[in-house]
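Input: structures, listed below.
Shared chain: subunit A. Partners: subunit B in the first complex, subunit C in the second.
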Partner chain A sequence: MFKYIMMKLGMAALVALTVSFISFLLLFMAGDPAISIAGESATHEVIEKVRHEYGFDRPLLVQYVEWCGKALTGDFGVSYYFKAPVSQMIAERLPVTMTVGGLGMGFALLLAIPMGVLAAAFPNTIIDRTALTVAVVGQAIPSFWFGLILIVIFSVQLGLVPASGTRTWTGYILPTIVLGYYATPAIMRLTRAGMLEVLSADYIRTARAKGLGWRVVMFKHALRNAIIPVVSLAAVQLGFMFGGSVVVETIFALHGAGFLAWESISRNDLPTMQALILIFSMFYIVFTFLADILNAWLDPRLRAA
Partner chain B sequence: MTQTISSPALRDAAVDSPFRLLMRKAWKHRGFMAGFLVVSTVALIALLAPLLAPYDPYKQDLLARMARPVFLGGEWKHILGTDALGRDYLSRLIYGARVSLMIGLVAAAISAVIGTTLGVLGGYFGGKVDAVVMFLVSVRLALPATLVALAVVALFGGSLTVVITVLGLLLWDRFAVVLRSATMQVRQADYIAAAEVLGASLPRILWKDVLPNVMNALIVIMTLEMAHAIILEAALSFLGLGVQPPTPSWGLMISEGKEMLLFESWLITIPGIALFVLLLAINLLGDGIRDITAPEGRN
Partner chain C sequence: MKLWKLPAVLLPLCLLSTGAHAGKADDTLNIAFSKELEHVDPYYNTAREGVLLGMSVWDGLLYRDPQSGKYVGNLATDWKWLNDTTLELNLRKGVKFHNGEAFDADDVVFTLNYVVDPANGTKSQPNTGWIASAEKVDQFTVRIHTKGPFPAALEYLAGPVIIHPNEYYAKVGQQGVATKPVGTGPYMITSVEPGKHFVLKRNPDYFAAAKPKAKIETVDIRTVPDTNTQMAELFNGDIDLAWGVPPDQAGKMKSMGKFQIINAPTMRVGYISLDAAGRTGEKNPMTNLKVRQAVNHAINRKGILEALMKGSSEEINSACAPVQFGCEQKVTSYAYDPAKAKALLAEAGYPKGFEIEFYAYRDKPLAEAMIGMLAEVGITAKLNYMQYAALREKRIKDGTPMAFMTWGSNSVADVSAITSAFFKMGGEDDARDKDVAALLDKGDTSVEDATRKEAYSKALSEIADKAYWVPLWTYSSNYVMGTDLDFAPTPDELIRFYAIGWK
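== the complex of A and B ==
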């Protein structure tokens, strides 16, 4: 188990290092960062001065190592646009994103797992077909459009929840639904497929044969084994949700890290952009690493691999 | 085929080619047929846009701004009404189909080339090559696609080429993962060993023996990623960092209609439904192809 964890940890670290390099390179892909700071109309001297002050005249690798070293201590520099420390801004905004992400994942799991179990318990019946239809339709609805439609129905016409902001807890309801429904089809399909496979296994027949009730077999024996791949998928989806929070937070005007990402991107605020891309990547890497460990704990066969 | 064969079992047994068999299965698959019909209709509309669109999608008519569509009491002059600049909504919708389909097709094709190359190489060679491929997939998945796409469009400008390229470079992960495992299965087959023994060159084996046998998976992923690219383009355009105005993109139309959300919600409903119907049809088509080409059928 220790060896397995170390191997996964090494892989995660290597991925993190590569991702950090890519986020760093983003700054230089756009051309001259000194010009974008000084402004298009700046004179040659001003640009040169900015270049020297920010250290853009040094070799790329030196700049990368310095950026990485600072990033490790939580220093992502100062925002070009907001003129505030990037890490402080992100720390202020992350709780909203994490709350919506967590709630969205909870919503998706609560909806998708029972639906998948029921669909597998009654294959090719009306229940199965309904679950499949929900999944296929759900996959085809763009989340930004879904969000707007929910605002029109529940905020504008029915006046039940606020259309934007999180001054009261009700402001979290629509964002949770929009973010959660996005992960639902995939989790539902995987739960269904896993349950179908497990239900045809010998030990399920044995459990039924020795007289155990349907419900006990279904949830205690079958679901426990079918859920293992779902853990990995949920971790991946949670990572995607954080990265995709930019869309939901922009629609509902939630002041989270996703909205900050949109603000910084549309204003060419490179330090903030870089830091956010790196941090969202790190969330993904940590989630998938934890899922790997959890899977190895749930399924001892994996540790040997 | 002039004789009439009475028994259905005999008729099925008399099927002559795998292609005919496939067509027969396709014909019976309702989801596939529905998806196929809708996607081909949208493709036809996109191709014939100049003939079908009643107006120039860019022509503004400030005297006819925000005309309501017919089903909300508007006039037949503008069947789906006009937008805030007086441009005919139906014409913009028709030209928008071009943007969506073009982005979906080209971005998915770029992704397919990258992902298939990586997946087939990883699956065929295994070992270190496979480890590198899986590493690249992990890196790609760790990068938040929406944010990277937004950032690249912001830095390079929102031309159609930039949007297509960045989506093509981002959406190859599923091709790599699925084709890797498909190739691993094919790798075990006797005909691969036979080809190797016969002394066939590596490119020949990959091209002539492996690729045709993983084609089903490739086509299925291609449809799914087409839908993915279309949805992402719409989201990017909606956020103002995708295709730029005045190009008629469905995502952009929703974004422009958002300003009038409270009063004229049809402005976002119409392009939204168009987007939904196209995505649903592409997904049904993909699921259908998977069912039809899978030897064991559904599940």
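== the complex of A and C ==
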């Protein structure tokens, strides 16, 4: 097990390094930071001066190594646009994104797993079809549309929750539903498929033959085995959610990391973009790594791989 | 992002509940900024929202009355040019900053010398770049030295150039000012959550020389990026005023009868910049005068205004906004005439037209309409739709054969803020015409109004004759607000929070 963990950890570190290097290169290819810093109606001389002062005229590799060194100590530089330390800005915004992401994931699991189990228990019945419809609708509705419809119904018409912002905890309800619903279909369908496969296995028939109750067989014997692939999927989805949803954060005015990322891109704010890409990919890498370990713990056969 | 508008169609259908406006009851004006303000200090942001805060919390030395356009004293009481590059100002006595610090010459000298020092990295170089230095004569007299003759100085001193308290600034620094700013203005900032939430309270001791005392006790500003969400907040009564509302949405809000909708002109103008200098290649058809004239004749501005723009936008013929000082209106104009456009193209050697790259960054339907009109005279324009930052970068680096751009002049009511910004060999100058640049330079650096007007008039006539741009239209802005709000928009598009009251 230890050897397996070390191997996965090494791979995760390599992926992180590669991602940081590629993102660094891509961003330099995407826009000229000197022009965006120099500001409106700047002349060529000013732009060249900025380029030199900020060191953009040095070899890329030198700039990359310098950036990496600072990033390791948590120093991502100062945002060109906000003039504030990038690490401080991200620290202010990540909690909102992580709260909504975590709640959204919880909502998705609470909705998707029971639905998946039910659908598998009664395949090709009205229950199965209903669960499938809920899932397909979740996949098909664009989040921005769904979000605004929820605002119209629950905020404007019924006055139950604020339309935007997080001044009270009720402000988290609608974003959680929108974000969670989006993740529901994949989890639900994977649960259903896993359950169907497990339910046809011999040991379930044996358990039923022993005279065990339906509920015990379903949840104690079947679900535990069917849930393994769902764990990986949920971990990966959570990694995505912690990267923030630009759409959800924009509609509900959440001021999270996703909205910051979008703003930085449209303003060519290089240090912020670099830091966010690195942090988002770190989430993804860490959660994938944790999912691998969790799976190996649940299923010993994987450890040999 | 077009699909974002879909729910706007549904919104009014669902609205049966009445919008209760909580604002008036607790004397709080709730408003939303649609983008995050990067920094509260007006010298460290370039956003319009920053100008709004700047006007409410701080004061400039002068003030321009938005109705008459005349300059009046604000922190200064009177001023005179000692010579072409020295402006002497007498300062108002008895003014206090929000923290109790007394206002005097030291504050002015500190602020101006601080913002012109490149080491301090202020972001508003166009606003302060003309200042060489400031000097104290006595406790209530200062002299400002400009880098060259700069008559537009008064406009800048009345607008974006605000005065910080020197002792406080020295004590807390730029980062301290970012979270706890202090000015002399009609409102005090009592709470700052950067980029997210600002609370302003009325300054009861405001000296109210040029600007009035604030009418409403509290202004609560949140960032709500999405227009649809802003409309939902309006229905809920959680915000009292929204601006920059798209025409289709404003129309639906109007039809509901529960809101006041005001459409007001702004200083923003639209234009197509043509690569007359051949920056994208010497064989570029836009280097040919007849082709540029043909393009001007091909665009049916009136048709687009009536069908797509609505509101109070109007056609323009000069490369500036009509409300700006020096914006000569009597220049060559090009009426919509596709037959003439075709004839001009044939004369220019393109009887079958040509293909060209067309760049745009906003108002896609308008860009597409213009491309359709160009197609009718034989010009196949291919649309390249980009983010503003990326298009601007491309224009500065390589130029573009045709680009549909807009410019709001940072609400500076002077031609130097637009024509001079684009025709004096800067990065986005597609004409690179030495004569035009020299005329504009003369206008920018003369102190006499008559001399300036004449120089700008000649430059603008030259630009129109040579058809360097296709001047298109002015933009208007829709303000949507509750019926109990007393607010009148101004052409500079700057919302003066202190002038807003309840009916």
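The rule we apply is simple: the second predicted complex is superposed on the first by the 296 of 305 C-alpha atoms of A that agree within 3 Å, B and C clash if a C-alpha of one lies under 4 Å from a C-alpha of the other, contacts with A are read in each partner's own complex, and residues count from 1 in each chain.
Operating definition for what follows: a contact is a pair of C-beta atoms (placed from the backbone, for glycine too) under 8 Å apart; a residue touches a chain by one contact, two chains touch by 3 or more.
This is a predicted model, so every value here is computed, not measured.
For the composite obtained by overlaying on subunit A, subunit B and subunit C cannot both be accommodated without a clash.
Contacts of A:P271 after superposition: neither subunit B nor subunit C is touched. Of the two partner chains, neither subunit B nor subunit C is touched by A:G194. By the touch criterion stated above, A:V236 is placed in contact with subunit B alone, subunit C being left untouched.
Looking at the shared chain after the overlay, A:V15 reaches subunit B, while subunit C stays out of its contact range. With both structures placed on the common chain, the touch criterion links A:G171 to neither subunit B nor subunit C. In the superposition on chain A, contact of A:I285 is made with subunit B only, not with subunit C. By the touch criterion stated above, A:P142 is placed in contact with subunit B and with subunit C alike. Of the two partner chains placed by superposition, subunit B and subunit C are both touched by A:V156.
By the touch criterion defined above, A:G180 lies against neither subunit B nor subunit C after alignment on the C-alpha atoms of chain A.
Of the residues of subunit A, those at positions 142, 144-145, 148-149, 151-152, 156, 250, 266, 268 touch subunit B in one of the two structures and subunit C in the other. On the subunit A side of its complex with subunit C, the touching residues are 31-32, 35-36, 39-44, 46-47, 79, 81-84, 92, 142, 144-145, 148-149, 151-153, 155-157, 159, 162-165, 250-253, 255, 259, 263, 266-268. By the touch criterion given at the top, residues 3-4, 6-7, 10-11, 14-17, 35-36, 38-39, 44, 46, 121, 123, 125-126, 174-175, 178, 194-196, 222-226, 228-229, 232-233, 235-236, 238, 387-390, 392-393, 396-397, 421, 426-428 of subunit C touch subunit A in their complex. Those residues of subunit B whose C-beta lies close enough to touch subunit A in the complex are 135, 138-139, 141-148, 150-152, 154-156, 227, 231, 234-235, 238-241, 251, 254, 258, 261-262, 265, 268-269, 272, 275-276, 279-280, 283-284, 287, 299. Those residues of subunit A that touch subunit B in the complex are listed here as 11, 14-16, 18-19, 22, 26, 29-30, 123, 136-137, 139-145, 148-149, 151-152, 156, 193, 196, 236, 239-240, 242-244, 246-247, 250, 261-262, 265-266, 268, 273, 276-277, 280-281, 284-285, 288.
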